[in-house]
Amino acid sequence: MTLSEAQATATIIQSTAIRVQNVTKRFGRDGEQTVALRDVSLTVRPGEFLCVVGRSGCGKSTLLNLIADLDRPSEGFIDVGARKVGVMFQEASLFPWLTVRGNIDLALKLSGVPKDLRGDRIQELLETVQLSGMGAKRPHELSGGMRQRVALARTLAQDCEILLMDEPFASLDAITRDAMHEQTERIWAERHLTIVFVTHNVREAARLANRVIVMKPAPGRIGSQFSIDIPRPRRMEDLSVAKSAADLHELLQEQEAGHE
Amino acid sequence: ASTAASPTVAKAQIEMPSEVRFGYFPNFTHAVAIVALDKGYLKKRLGSKVTLTPVTFNAGPAAIEALFGGAVDVTLAGPNPTITGFTQSKGAALRVISGAASGGAGLVVRAGIGSPADLKGKTIATPQLGNTQDVALRYWLKKHNLSTTTEGGGDVHIVPQDNATALAAFVAGKLDGAWVPEPWVTRLVAEGNGTELVDEATLWPKGKFVVTNTIAATTFVDKYPAAISAIVAAELDAIDFIKANPDQAKSLVNAHIKTITGSQIDPAYLDKAWSNVDFTIDPLPSTLLASANHARAVGLLDSVDLAGIYDLSALNALLTKRGDSKITVP
Amino acid sequence: MSEHAIRPRKRATAGTERGAQLAVPRGKRLWDRAWPPLLAVIIALLIWQIVVLSGWRPEYVLPAPLTVGQTLVGQLGEPKFWLAVATTLNRALVGFAISVLLGSAIGIAVSRSRVLRSAIGSLITGLQTMPSIAWFPLAILLFGLSEQAIAFVVVLGAAPSIANGVVSGVDDVSPQLQRVAQVLGAKGMSMYRHVMIPAALPSYVAGLKQGWAFAWRSLMAGELLVIIASRPSLGVQLQFFREFANAPGLLAIMLVILLIGVLVDSIFSSLANGVRSRRGMGVVRL
Amino acid sequence: MSEHAIRPRKRATAGTERGAQLAVPRGKRLWDRAWPPLLAVIIALLIWQIVVLSGWRPEYVLPAPLTVGQTLVGQLGEPKFWLAVATTLNRALVGFAISVLLGSAIGIAVSRSRVLRSAIGSLITGLQTMPSIAWFPLAILLFGLSEQAIAFVVVLGAAPSIANGVVSGVDDVSPQLQRVAQVLGAKGMSMYRHVMIPAALPSYVAGLKQGWAFAWRSLMAGELLVIIASRPSLGVQLQFFREFANAPGLLAIMLVILLIGVLVDSIFSSLANGVRSRRGMGVVRL
Amino acid sequence: MTLSEAQATATIIQSTAIRVQNVTKRFGRDGEQTVALRDVSLTVRPGEFLCVVGRSGCGKSTLLNLIADLDRPSEGFIDVGARKVGVMFQEASLFPWLTVRGNIDLALKLSGVPKDLRGDRIQELLETVQLSGMGAKRPHELSGGMRQRVALARTLAQDCEILLMDEPFASLDAITRDAMHEQTERIWAERHLTIVFVTHNVREAARLANRVIVMKPAPGRIGSQFSIDIPRPRRMEDLSVAKSAADLHELLQEQEAGHE
């Protein structure tokens, strides 16, 4: 950037939803510090579907936490404008004292949805995640995959512009996962969301993303980027998706080889 | 706080408070108050315009706290809280306006102790450090050349122990004796198999010494002399009644105690204890002052200036009217 | 481990089991819950009777269970006794209710604000350790000899405990759930209402239980502040039974206090168990 | 939420921030922790002084802070006072130590066994509500006028609280962790030692805090039970000052009790905070 | 079975590690009961590597819990002989008050490994799960995938004969997952373990299993079985593995189609 930072910000803010600039994140006190992210810069355009892949422990969740303002960078800064950020965490983290319905209801309530509209919205969301009959159950009565879907419904209940999703479909079988992909894509398109989606499944990344970034571990940084221009609607089984996934997989392997 | 300057004296003397809060303990040495209340003497003397609010305390400290806090106007109390309240407030808080009871305390010891000399090395309880009984015991021991310290050291170990605990400990054989007021003297003898080594009455001239007197907040005394006079008159009525109908008074007092405490004094003990106590309007100032001097002698008090603790003008006016002799403060 | 290794683990068909569960459920479950406390009471009474029979201490110091029972039954027959129980329970409930409000408010305030916490956080426990009688002069100064003075002493006893329950409960809320709530847009009071308080509920109930105990103890002392002849109370009865060295009476009142304590505890316990079972918590038993 | 929406969220480079954190950490952090309680004390003193100056109540009823301060300083100069503090603290520690052992043991037993729980679970709270003075006659019967009698009263006050802390802590252990432990082969005591107790630690510490408060209050009462020659104690001093209507003295002792309470609380708090931060718990603050 | 049950048991017990017979599991009180498993029968041979796949909520975790004696069947019975059962749960469920090392150490301690041997074993296990440097960290300082690997190490620390694994590698990237596959296969062979492995990844099932069972949901039962006879060592990329995975996928799709 040759312009002064203030100018640059002013220019970019129009066309960026998320700006991560030279962010470093360290954990722990001096002496035994972990550098989770080092000098990470990243720009996400409004309406982009960005997938993030990378080795376990390379700082993906940390990056999402920083974008969601749940933690402060040690250096650098992050700008999401005035946009509301929703997060679906790696663990379902449902409120154990509320039923499935109650969990979704709370998200709606906190988003300011009036009471008389909430009932229908809940029903709709439960259908979206294929859990129509489970509204009265408590989190501990659900299977792992069900919990993850309730968390998805809760996240979708939020009226947000940026959606951060941390391995949201890791505990779902292929068929349910396919359905969730479709729903996510639909909502993304309908609401013009900006999505940052962490996954370990390269095929999933190829199925969903406009762009994939590959992170490198120890310390966490961005290794390479990868545009995916396959026209939508896409399907997991599509050859083009498989091809992109294979490319991505190869890239990861290579990066690994270069690393060690 | 006293507004009773001379120009308003005449007005003040007729002025009655709208309420009198009258304190006492559910204890038979407070029989004068109980009879005055139950027989309606207080109500009658104060007149119908005055609301009479009886207030009960479980012990002296609470009574003084309430007096200091302005929550009670007149109350019966032992000489000990009386002195405490007077000296702590540097003479500002209270005045003794009359007596209520005399006598009824003594030293009970376990079998085998027959003389003061036998007490050497023994442990004796008193109700609390520096109270009338505690002072009496220490002074008595001192006269018999037995040393004591406020910490419980010396020839005889004195431990402050509330009366119920003292009885339990005496029964359990953990105490050698106790200098206590009635009805505990009687109970220690009866239940603890003790013997009464000293009857405190024998140590005082005419066998009389104050155990309960009537105190009033100074502000109240200054402001409502007429009310004070009415209260003392009611107490006189009560004492007359007690003297005339001792059995009726006894059962009346015991019933009253029962309503408040849920317990009554075993009638057998009550008879004995009652006979050891003398209900009198005389506050016996000399015994209170002597007791304070004894306290100084045994090192419990530094110096006590009790000048002005008595305001017996109302009492003396009534006594004069009855043709009795006035009480003087030495 | 060894037992586990030796015995072949085999669980019989539960067809019969389940049938049994459906057939005699109510009565059996009630009996299952009733016999242990009954047994405990019987054992306690037996030991007590044996000690008395041994003649260790005279009867007027350590009365027999029967004597105490008779005293208690005698008390139960008197309307005055019920008046005393009612007065005391009423005071306890009022004082406890105020304590819950005040304690919760203070607890929330202290747990939310770092400044408040370091300013008065430790004072809360400091206040808890203060014996009730120390507050008497202040209570009289502020409220005279009135019911309010008693309530004041009770609240000073119980509120800190409840506040501490809130604080420690809030401190134990999973940070992950807090993050979720934050992302969902909860902040300030809505964070507390919807997340912190529900999450801290088990600990809060534990605090309430302790608070109740403090309230009750403070009340037993505080009732001596204002002794009203026509309004007997358990605290006054207890104190005077002791002062009169009336052993059967004292024991009878102690039994009454125990009984009320046990009853109140079972209310709190069923509250806590309800909260827990709804969350799928509780000790895992097979 | 609205604030969130309006203000563009931007966090400045922390390069400078971090530099600042490294440059003045100690002093600033200490000051950050010290000023709120100091301010609280100053405000409290000011209010007190103003009330006194207003002449609301005479000085012998409500003494000025300075008077109380002088009394306290006077006390601090006397060896008797230190002896009293030492005696009382010693008794508190001994009583508390016994309570911790007994309370923990009972808590573990009750939380483990369903029969025991229904037999005596609720009795624990019942015992807690029993005022200390009710135990005096029994204490004397069992132990005479001895230090043990005091300890007995203290233990009866504190142990139930600690046991309740254990029970409620154990009830709150995540069932999932219990399942993990069971699969790893933990059972009986090893289950408790390695899983239940560590998992229940925060709740246990909260129970200890309450137990301390109960112990201390019971001790203040219990010290009146056995007044031992040449061994002054805070409980007796408190009572004497009360009996002598010595307001400055009473307030001075109250301050001492408060101070000890606050100190002990900060020990427990730092314990609890240590436990929590090691587990990544505690209120999330940004 | 034509033999009397007792005889049958006696005969089968020799050649079965796990016997699940006519097991039904219901949750909840009457009225709003969920039937998680209905009449499930299953026999696992000693040394078998059995993978279980199926829709989210079809009772896989419930089945594992029953085998591990963490819950009781409502009907039917389960027999694992005198074998020790180890379980790796769907959530990592590490003990938060212990470090990574402490978590593994506790498992060793409870297995009766003497103190002086434990240090080396811990080191070895940490290397197995590629977390050598992380022994001193606490669970909350780990990434999701790291936690899952610690849970694996803790499970492997147990000296068990039957190992139940519930989606153990769901949060791992492909490369780490590959490594974990190898390690699991190695240990399975070395210790002659019997493994029941729940996964949603059909390729993973094809990579690891001797046999795959496919469960059907609502109520949970066993739909079909599938032997995989590809010789080991296998690799994820092997064509034969891909082929089996594709077959398995098809089977799942078909079953789904038949179900709806």
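As written, the chains take the letters A, B, C, D and E, and residue 1 is the first residue of each chain.
One rule holds in what follows: a contact is a pair of C-beta atoms (placed from the backbone, for glycine too) under 8 Å apart; a residue touches a chain by one contact, two chains touch by 3 or more.
A quick note: this is a predicted structure, and the numbers were derived from the prediction, not measured.
Participant: Comparing the two chain pairs, does B-D have more C-beta contacts than D-E, or is it the other way round?
Facilitator: Comparing D-E with B-D, the pair joined by more C-beta contacts is B-D.
Participant: Quick check for the class: compute each chain's Cα centroid; which one is farthest from the centroid of subunit E?
Facilitator: Comparing chain centres, B lies farthest from subunit E.
Participant: How far is the middle of subunit B from the middle of subunit D, if each middle is the mean of its Cα atoms, in Å?
Facilitator: The mean C-alpha positions of subunit B and subunit D differ by 40 Å.
Participant: How many Å are there between the centre of subunit A and the centre of subunit D, using C-alpha atoms for each centre?
Facilitator: Once rounded, the distance between the two centres reads 46 Å.
Participant: What whole-Å value do you get for the distance between subunit B and subunit E if each is reduced to the mean of its CA atoms?
Facilitator: 84
Participant: Residues of subunit B touching 2+ other chains?
Facilitator: In subunit B, 65, 68-70, 162, 164, 168, 172 touch at least two other chains.
Participant: Which residues belonging to subunit E are in contact with no fewer than two other chains?
Facilitator: Where subunit E meets two or more other chains at a single residue, that happens at 70, 84, 91, 110-111, 140-141.
Participant: Residues of subunit D that contact two or more other chains, please.
Facilitator: 1, 4, 57, 61, 136-137, 141, 174-175, 179, 182, 185, 242, 247, 280-281, 284
Participant: Which residues of subunit E touch subunit D in the complex?
Facilitator: Checking each residue of subunit E against subunit D gives 65, 68, 70, 84-87, 89, 91, 93, 95-98, 106-107, 109-111, 138-141, 154, 158.
Participant: Considering the complex alone, what residue numbers of subunit D touch subunit C?
Facilitator: Subunit D residues touching subunit C: 1, 4, 33, 36-37, 39-40, 57, 61-62, 111, 114-134, 136-137, 141, 160-161, 164-165, 168, 170-175, 178-179, 182, 185, 187, 202-203, 205-207, 209-210, 212-214, 216-217, 220-221, 235, 238-239, 242, 247, 250, 253-254, 257-262, 264-266, 268-269, 272, 276, 280-285.
Participant: Which residues of subunit C touch subunit A once you look at their complex with the stated criterion?
Facilitator: Residue list for subunit C touching subunit A: 174, 176-177, 179-186, 190, 194-195, 198-199, 201, 275, 278-281.
Participant: Can you list the residues on subunit A that touch subunit E in the complex?
Facilitator: 27-28, 32, 34, 53-57, 60-61, 90-91, 136, 141-146, 149, 166-167, 170-177, 200, 202, 249, 252-253, 256
Participant: Provide the residue numbers of subunit D that touch subunit B in the complex, in ascending order.
Facilitator: Against subunit B, the touching part of subunit D is residues 57-58, 60-61, 136-137, 140-141, 144-145, 224-225, 227-232, 236, 240, 242-247.
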